[in-house]
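The following pair of complexes shares a single chain, subunit A, combined with subunit B in the former and subunit C in the latter.
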Partner chain A sequence: MKRVIVACGSGVATSQMVSSKLKNLLQKRGIPAQVDAVDIKSLDRHIKNCDVYVSITKPDKEYPVTVCSGIPFLTGVGMDAELEKIIQALK
Partner chain B sequence: MGPIFSHFFHRELIFTDVVYADREDLLEKLSRSLWEKGFVKETFREAVLERERKYPTGLRILPYHVAIPHTDLKHIKTPFIAMVRPKQSIQFIEMATHDQVVDARLVFVLGLKQSADQVELLQSLVDLFVKQQVMDRLLKEHDVEVIMRLLEENISEKGLSV
Partner chain C sequence: MEVLKNAIQFVLDLGAPVFVPLIMIIVGLIVRMKLRDAFSSALTLGLAFIGMNMVVGFMMDSISPAAQEFVKNSGINLNAIDGGWTPMSTLAWAWPLAFLMFPVQILINLLMLALKQTNTLNVDLWNVWGKIFTAVLVIGVSGNIPLAFLIAAIQVVLELKMGDVNQKQIQKLTQIRGVTCTHGMTLFNVFLYPINRLLDYIPFFNKHIDANWLKQKLGIFAENHVMGFIIGVLIGTFAQYPPQKILILGVQAAAALTLFPMVARLFMEALAPLSDSISDYMKRKYSDRQLYIGLDWPFMAGCNELWVAMIIWVPITLLWAVILPGNNILPFGGIINLSLAVPALIVTGGNLLRMIVLGVLTTPVFLYVATFFAPTITNLAKDTHVINVKDGQFLSWSSIELPDFRYLFAQASNIVHGEFLGLVLAIGWLGLFYWYYKGMQKRADQLSTELDGTSHHMSV
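Presenting the complex of A and B:
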């Protein structure tokens, strides 16, 4: 199964919330994917086995996977567009 | 008062019309107060300041910009959500940027202890941020009881567990 990781600074609060929201949205659209909130400190380890990285911090380097923003899922602003981007990357 | 609501929100953690020099001043003063009241460990102050510098928490949300400072759960003793209404808006850096400034009118400091259970609470808080009428009142009410009631009425406990 394709895997999405969501990371924020502490792996608490915001990444948990975004991953739970994203999980529901993907489920509603019938897109099978595993969504996990991870701690930014273990990002390099997780990035190796994921397809999309949803970032709630400013990415400070290039990653070999699709990088999307988690902020729209937090605030609701621009959420549909970002969701489409994630869905495309999961196809 | 619902059990979840009263688990996180406390009268003594509603701060209205306080004058702060800047966001670090706000976080310093609030950390001191949280520590004196027994909600956080002494390490919270440095941890929340550091975290805000590295991973800022300003939210460009409408009708009013807000900030949700928080840090690792190991610095928390008793779970809480503190509401700070600075007399003048305070500049925070927008989440996921290094340099975009947002003028936060309200600051909710999150002291969550277990992350998984509290997703709904955070979602509920963000849902509150976009309610114009409630936010308007949160920005001008002076009575702490009224503010507590407004928060309680607008923070749904659906699906929450402590």
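Presenting the complex of A and C:
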């Protein structure tokens, strides 16, 4: 199963919020994927075994996987477009 | 009436791991969650309490003996153990009236939007716990429940005002449009601002240091397990443990710091569907008006200055803890001081040099306020029975968020016992808040001319 990681400053609140929401949205669309909230301080370790990285911040460097923004899932603005991007990357 | 009272008492006597989930099911059904989902969320919430009690107990059992040895050998009295923020949120949710804080925050926000007193919609319902925590601290100090709600309500108002006035500066730092930070920790900006203004007079402090390179080099120290191991080894060394015991303590401390967020995540997992449906409702209500969306701080986590400053402060915090007269707290779980770094980032506009100086100067405020609240927090743990603290041990939080506000306003609530000093100081603080607000408004005006036309960044 493909894996999505969502990172925030502690791996507790914001990332968990976004990952719960994403899990629900993917489930509704019938797309199997594992979604995990992780601690951004340990991002370099997690990025090695994931397919999509959902970032709450503006990424400051290139990553070997698809990077999407988690902000739309918090504000609701542009959420569908970002979800589509994640789904494409999971196919 | 008597029957109802007995029934409520009966439920409360079951303890937070049972009664908070029961409240959660009721609240979940009110916001139209399916019974199955509500039950699952509620059960997760209950087991999060149990999990947190286990981890805090483990931390206290491994760190406390070392701390006591250290006290015996050095004569320095550090008898309050720092659990960081996660056990504090556990204590907050265990308050029987905790869930009432949701409507308090939502109604104040909607009212202020309607009256055009704010332009910020706070959708961060997780950090409702920050207001709950303020309320329980106030009750711990003065025992007055109405004042606890009033002070929490003031915090809600000020957070929204902070969201408004800091938005441009935050946009400049993160390059993310339309969002701002409504986390209560930003109220510490008020305390940092005057010092930052003083630094304006020293040209040296206008120098910009590139934090990216330092972050690459230092980043590993910020990882929970590495930081835990280092602090554990340090505490063991100062306790004059034999080498094997030092290493064991190091790994135990690493385990504690790694497990805290794992358990705390369960609280969020349980509350996410609830807070999601509330924030969806609020966003729908105001979909036609251009508002700043108020979020928790992590969207600023890409600013490397935060991490570099926090790592540099770690040894300084430990040093302050040892040399400050009257400090009782041994920094551990809260040693990475976000509650200072985020305000310092905003106030200085990301000037690392200034951030470091502000941190060095104001860390004592955190330690003293943590010391002041240690008995309150320990009693809270004992009264609610959600976290077991053995006799003679104290629990606190070395990097307590918005320490200035919480200390002064908790003291102000002592007005019910005829003490006026706290109230006077709290009013003085509000004066500083006003000064900060005016100053940041001016900065926002300057920044908005500069930021206009930078739409090529993230499409938010």
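Going forward, the second predicted complex is superposed on the first by the 91 of 91 C-alpha atoms of A that agree within 3 Å, B and C clash if a C-alpha of one lies under 4 Å from a C-alpha of the other, contacts with A are read in each partner's own complex, and residues count from 1 in each chain.
As a convention for this text, a residue touches a chain if its C-beta (ideal position, glycine included) is under 8 Å from a C-beta of that chain, and two chains touch if they have at least 3 such contacts.
Quick caveat, the model's predicted, so the values are computed rather than measured.
Participant: I'd like to know which partner A:Ser69 touches here: subunit B for first, subunit C for second, both or neither.
Facilitator: Touch status of A:Ser69: both partners.
Participant: With the two complexes superposed on chain A, say which partner A:Gly78 touches: subunit B (first), subunit C (second), both, or neither.
Facilitator: second
Participant: Check the residue A:Ser42 against both partner chains and state whether it touches subunit B (first), subunit C (second), both, or neither.
Facilitator: second
Participant: Looking at the overlay, what does A:Ile56 touch: subunit B (first), subunit C (second), both, or neither?
Facilitator: So A:Ile56 meets both subunit B and subunit C here.
Participant: Subunit A residues in contact: does subunit B have more, or subunit C?
Facilitator: C
Participant: Per the contact definition in the header, classify A:Met17: touching subunit B only (first), subunit C only (second), both, or neither.
Facilitator: So A:Met17 meets both subunit B and subunit C here.
Participant: Touching subunit B in one complex and subunit C in the other: list those residues of subunit A.
Facilitator: Touching subunit B in the first complex and subunit C in the second, residues 8-14, 16-17, 20-21, 37, 40, 55-58, 69, 71, 74-77 of subunit A appear in both lists.
Participant: Hey, which residues of subunit B end up touching subunit A in the complex?
Facilitator: Counting only subunit B, the residues touching subunit A are 51, 54-55, 57, 59-62, 68, 70-73, 95-98, 110, 112, 115-116, 118-119, 122-123, 126, 129-130.
Participant: Which of the residues in subunit A come into contact with subunit B in the complex?
Facilitator: 8-14, 16-17, 20-21, 37, 40, 55-58, 69-71, 74-77
Participant: Report the residues of subunit C in contact with subunit A in the complex, numbered from low to high.
Facilitator: 86, 123, 126-127, 174-176, 178-179, 212, 219, 222-224, 261, 264-265, 268-269, 272-273, 275-276, 280, 283, 293, 295-304, 307, 338, 457-460
Participant: Any idea which subunit A residues touch subunit C in the complex?
Facilitator: 8-17, 20-21, 37, 39-42, 44, 55-60, 69, 71-72, 74-78
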